[in-house]
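Both of the next two complexes hold chain A, though its partner changes from chain B to chain C.
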Partner chain A sequence: MYTDNRAQGLTLFWQSIWARAYPRIFGMLRERSWMFFDTFLPLLGTLSYVFVYRAIQAPEEYIGFVVVGGAMTAFWLNMLWSMASQLYWDKDMGNLELYVVSPAPLPAILLGMAIGGLVNTTMRATAIIVVCSLLFAVPYEPGSLILLLMVFIVTMTALYGMGMLFASVFLASGREAWHMANLLQEPIYLASGFFFPVRALGFWFATFASILPLTLGLDAMRQLLFADAVTLRFLPVEVELGLLVVSSVVFISTAMLALAKLEERGRREGRLIERRR
Partner chain B sequence: MRDDAAIVVQDVNRIYKVRGPKRRSDPQEVTALADVNLDVKRGELFGLLGPNGAGKTTLIKILATLLLPSSGTALVDGFDVVKEQKAIRRRISMVSGGETSGYGLLTVEENLWMFARLYGLDNKTAKERIDSMLKLMGLADRRRTKIADLSTGLRQKMNFIRGFISDPSVVFLDEPTLGLDVGAARDVRAFVEEWMDDRPDRTMVLTTHYMAEADELCDRIAIIDRGRIIACDTPENLKRSLKEETVFHLKVAPLGKRPEANEHRIEAVHGVRRVSTTEVNGHTEVTLILETEEALAGVIGHLEARGSNLLSLEKQEPSLEDVFVRMVGRSLSVDTSQRDE
Partner chain C sequence: MITSRLLDLPLLRRSDALRTFSIAAWLGWQIESNWADPLLFAVYAIARPVASVLILVVMYSVITEGATQEPIFAYIYLGNALYILVSQVITGTSWAVIDDREHYRTMKQLHTSPMDGYAYLMGRGVARLIIGTISVLIVVGVGLIAFDLPLYPLTINWGLFLLSTVLGILSLAAIGIMLGGATMMMARHFWSVGEAVAGSLYLFTGAIFPLDVLPAWIRPLGFVFPVTYWLELARRALLGDNVPRFETLAAFSNGQLLGILVLFTIGLLGLSILFYRWALHQAKERGMIDLETNY
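Our next item is the complex of A and B:
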């Protein structure tokens, strides 16, 4: 039988992360058609922007901007649909009840979902970058690779902190949150500057949009990958990295508080057990 | 809390607020549990018996820390369901009938491994338990089948293994044989009995609306109706409470579409204590609880006067179904959630 000492500890936390990541990783590998369409369709979207920029004879570095933006779109979609919305499906299938009843900490479950999704999405993002870079001979001129890696890791941390926050909202609501995720998709393509430098939106709008980790993350990564991007930057890389660290702390700590609060509300209002698709 | 009590429920109420289709309409309050009091002893297989909508699942979900009571106190293994849910979750498990949990693209053993890890089992122990329980439940040859390809019965067997793999102190089984064929339901019941026999310190709470299941498995049964516990005793004592009375089951030509009115008319016949009617395949089945056998003639006369001929008649030893009819005034098959709406 299970003992208290065993259940409370890091062991259970790590075990829960890997246990929940497992179906995300291996489920996806077993459904090859998902992998194909999940890679092919965003690739088409990225290609269409490349051809638009080519047609209007935009500066060549814009092509690289679009390719990096296209790859990062995958992470945004994964966070929004495969993490926050997954919890909605888990609730509908009855898995959420079993997670809540188990001693596994909910943040570990969400982290497992995030890491599982991250593995798949990294494959998809890599495919977009490799295919587009080969097709269009994207002129990368990377600066500090260490800084680039740091920006990527901190952006992902902030992004998945935001995902945990969304997921906690899904815990206490349901279909309303599902609609919210739908609503968020396209405006965020615009606000985060996926396919153009965010500076084009104007300083104040870009500042407002910086609440999204991808806005700052993309701008910083572009600066670190393309030498000419400095002229199109929103803020210096160091400032953006600092702001992303702050975002990570804020999103993760808010998400932890929200998870605890909304689980309690879910228990009070009976929302953890409702199924109303 | 008493040392031998695994579960203590004191004055628990649960009220749901239900909104109508108009968003701005005031929510309506529906009472799912009203002043529920229960003690379940350690080592006991305790049954909650009642029709759909009686409040059984609500009580289970409160004890399993998925729902908060609106008022009252509930303790599981000595821990409060409101404030000490983490301690409770390390000790319990839950299996519901008709569960669709798990991930269809994963195999049976992968799904079980995933849940075992969520309960903190190390890899070796998880694999050993999965092996032995798959064999015990007759699922060993399906270990590498994706669960999306399993039949309802096999999937429920897998859910059972999932529920018991952590070797919990207290297990909640909510309608565990719902929708299963006779063979699968028998396997599940056999597993439950064996598990409890092998572990005298473990406790199980079972909700069901199958009388035979409750009668066969449970040490004690609480009959619950419209959110209230109306009786709680061993199956034998509950049935003994009807020994003074006589129970008949009749099949008669259809009585019509107003069962409650029909029951009231029959109950007005001298010597009739309780009546329950159910429409089945073009005839009406009537359960009669009579003070003495002599009252039967009056009932048959009444039915014939209403043009409903007697098709068959059987005198029976009191069953739990009869106990329920005696106490509640209707059959267990009646869905009270629909009557409440």
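Our next item is the complex of A and C:
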């Protein structure tokens, strides 16, 4: 009996993940025009920073740094607006009410959101990298591709784990969520070194900024994509990979705890799905 | 209290448009500023623009080893600081439509009241203009203190700076209203319109790099936006002899640039009035004026 219940629970969890990921993955194919805006907007900022480096006659690998950083902005924005803010939007539109009364577990819904967001953003980020690399003839000199893939996967796990944690925080903060998401753009681009090697900010600042998964992830990916980046690195790739694994575990487990706490408090106080304008 | 006193002013009592403009500006400020306590609001208004300019400062310093005394540094820094107004005014005006239609769902009430819709949108942009102006002042202040920007009150051509900035802001407001009008007729992608236009202007108008750096085939695009002329004039007025002259705009005198900006502003304001009226009519005819898309 216990085994049956557990199997049913796992099936429900899996089905909920897939159900929430589905519209994110296939919705993109049904509304292709979104692809244009989601690729075009980060591309504009990236191109501007490339031209700044050109204006000050920076070495060519810096163009590559900006291109990789620009592609990563797509993931940060996706995490911020389609993950962290999502439960708040869902509450605003009445979907959260449906989630709560359905037997689908909220962590599974968040995980589905993360997987769906990750898949469609990867396509957009790839488009940004391809377009910019062709436009500016970026001089890649890749090292270990397997290590690169590992760094990418672990960075994304930590990033979307952070997104799951933020989803609870943003949901609890009501209409300030919108402003918080807005606030977490340029300051994060600065702290994480999206457009320059994070080492330029100094060791202690970079150490503090390493709480953000993209700080370490970007630094490691640049080292694996550009031979000269090793001289501009913050930490060795292996150390950064290890720290990212720790971040992933911490963010995901904290997110689960925060969500359980929020759900419990929301149900007790009856305010989880309360809408305010 | 303040608003009722304001509305009692004889000038406002005589003009529907001015009355609508004033109330909309007050409403916009309430919406923009009442979500947090003043300290948090101040942090919010400061953090983004300062971070945005610091990204450029670090990029510049990494390459030049901190040569912030070079004229190009002030060019980039001031361009980015002034650009805050571009994004705030353009997106602020067009976002008012999205806020009223999708978020507060008050479009029906607004457009059945006897108000001047064009003045209303202009007024809603004022709050963002105020926030943007504060941000610009803070960013320039940081530049003066931390990076020794070569700005000297006695050498600044204040007349040219103020005149070009007023013209620049009016032309931006006109663009914002046209985007607001377009938003009224859109059921999809309206979230991205203001941001896409502001992002394009950042790239094509030489806001943070000279137009000469752009590939030759894209460069002419910079000439069709008033922002290009405003930023060039503002930099010349602020930096005087310290301003670097780049090939693309060096041949234009201040008078010529100002003339072009005046023509752009008049043209865009006229066009925005016509476009807004047409867009409002279209939105009403198609039943989209109070559409709630949840898109």
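Miscellaneous remarks
Following the convention adopted for this analysis, the second predicted complex is superposed on the first by the 268 of 277 C-alpha atoms of A that agree within 3 Å, B and C clash if a C-alpha of one lies under 4 Å from a C-alpha of the other, contacts with A are read in each partner's own complex, and residues count from 1 in each chain.
As a working rule, contacts are C-beta pairs under 8 Å (C-beta built on N, C-alpha and C of every residue); 3 or more make two chains touch, one makes a residue touch a chain.
Quantities reported herein were computed from a predicted structural model and do not represent experimental measurements.
The superposition on chain A brings chain B alongside chain C with room for both. By the touch criterion defined above, A:Phe251 lies against neither chain B nor chain C after alignment on the C-alpha atoms of chain A. In the superposition on chain A, A:Arg268 makes contact with chain B only, while chain C stays out of contact range. Contact with neither chain B nor chain C is seen for A:Phe170 once the two complexes are overlaid on the shared chain. Once chain A of one complex is fitted onto chain A of the other, the partner contacts of A:Arg20 are limited to chain B, with no touch recorded for chain C.
Of the two partner chains placed around the shared chain by superposition, chain C is the only one that A:Asn182 touches, whereas chain B remains out of contact.
When the two structures are aligned on the shared chain, A:Met93 is found in touch with chain B and with chain C.
Using the contact criterion defined above for the overlaid structures, shared-chain residue A:Gly45 touches chain C, although it does not reach chain B. Superposition on chain A places chain B within reach of chain C only down to 7 Å, the least C-alpha distance between them. The residues of chain A shared by its contacts with chain B and with chain C are 31, 93.
The residues of chain C lying in touch with chain A in their complex are 35-36, 43-44, 47-49, 51-52, 54-56, 58-64, 72, 76, 103-104, 188-189, 192, 195-196, 199-200, 202-203, 207-210, 213-214, 294.
Chain A contributes residues 1-4, 6-7, 11-12, 15-16, 18-20, 22-23, 26-27, 30-31, 93-95, 97-104, 109, 264, 267-270, 272-273 to its touches with chain B in the complex. The touching residues of chain B, when paired with chain A in their complex, are 16-17, 61, 64-68, 86-87, 89-94, 96, 99-103, 105-106, 110, 113-115, 117-121, 146, 162, 166-169. Partner chain C is touched in their complex by these residues of chain A: 31, 33-34, 37, 40-41, 44-45, 47-49, 51-59, 62, 93, 175-176, 179, 182-183, 185-187, 189-190, 194-197, 200-201, 277.
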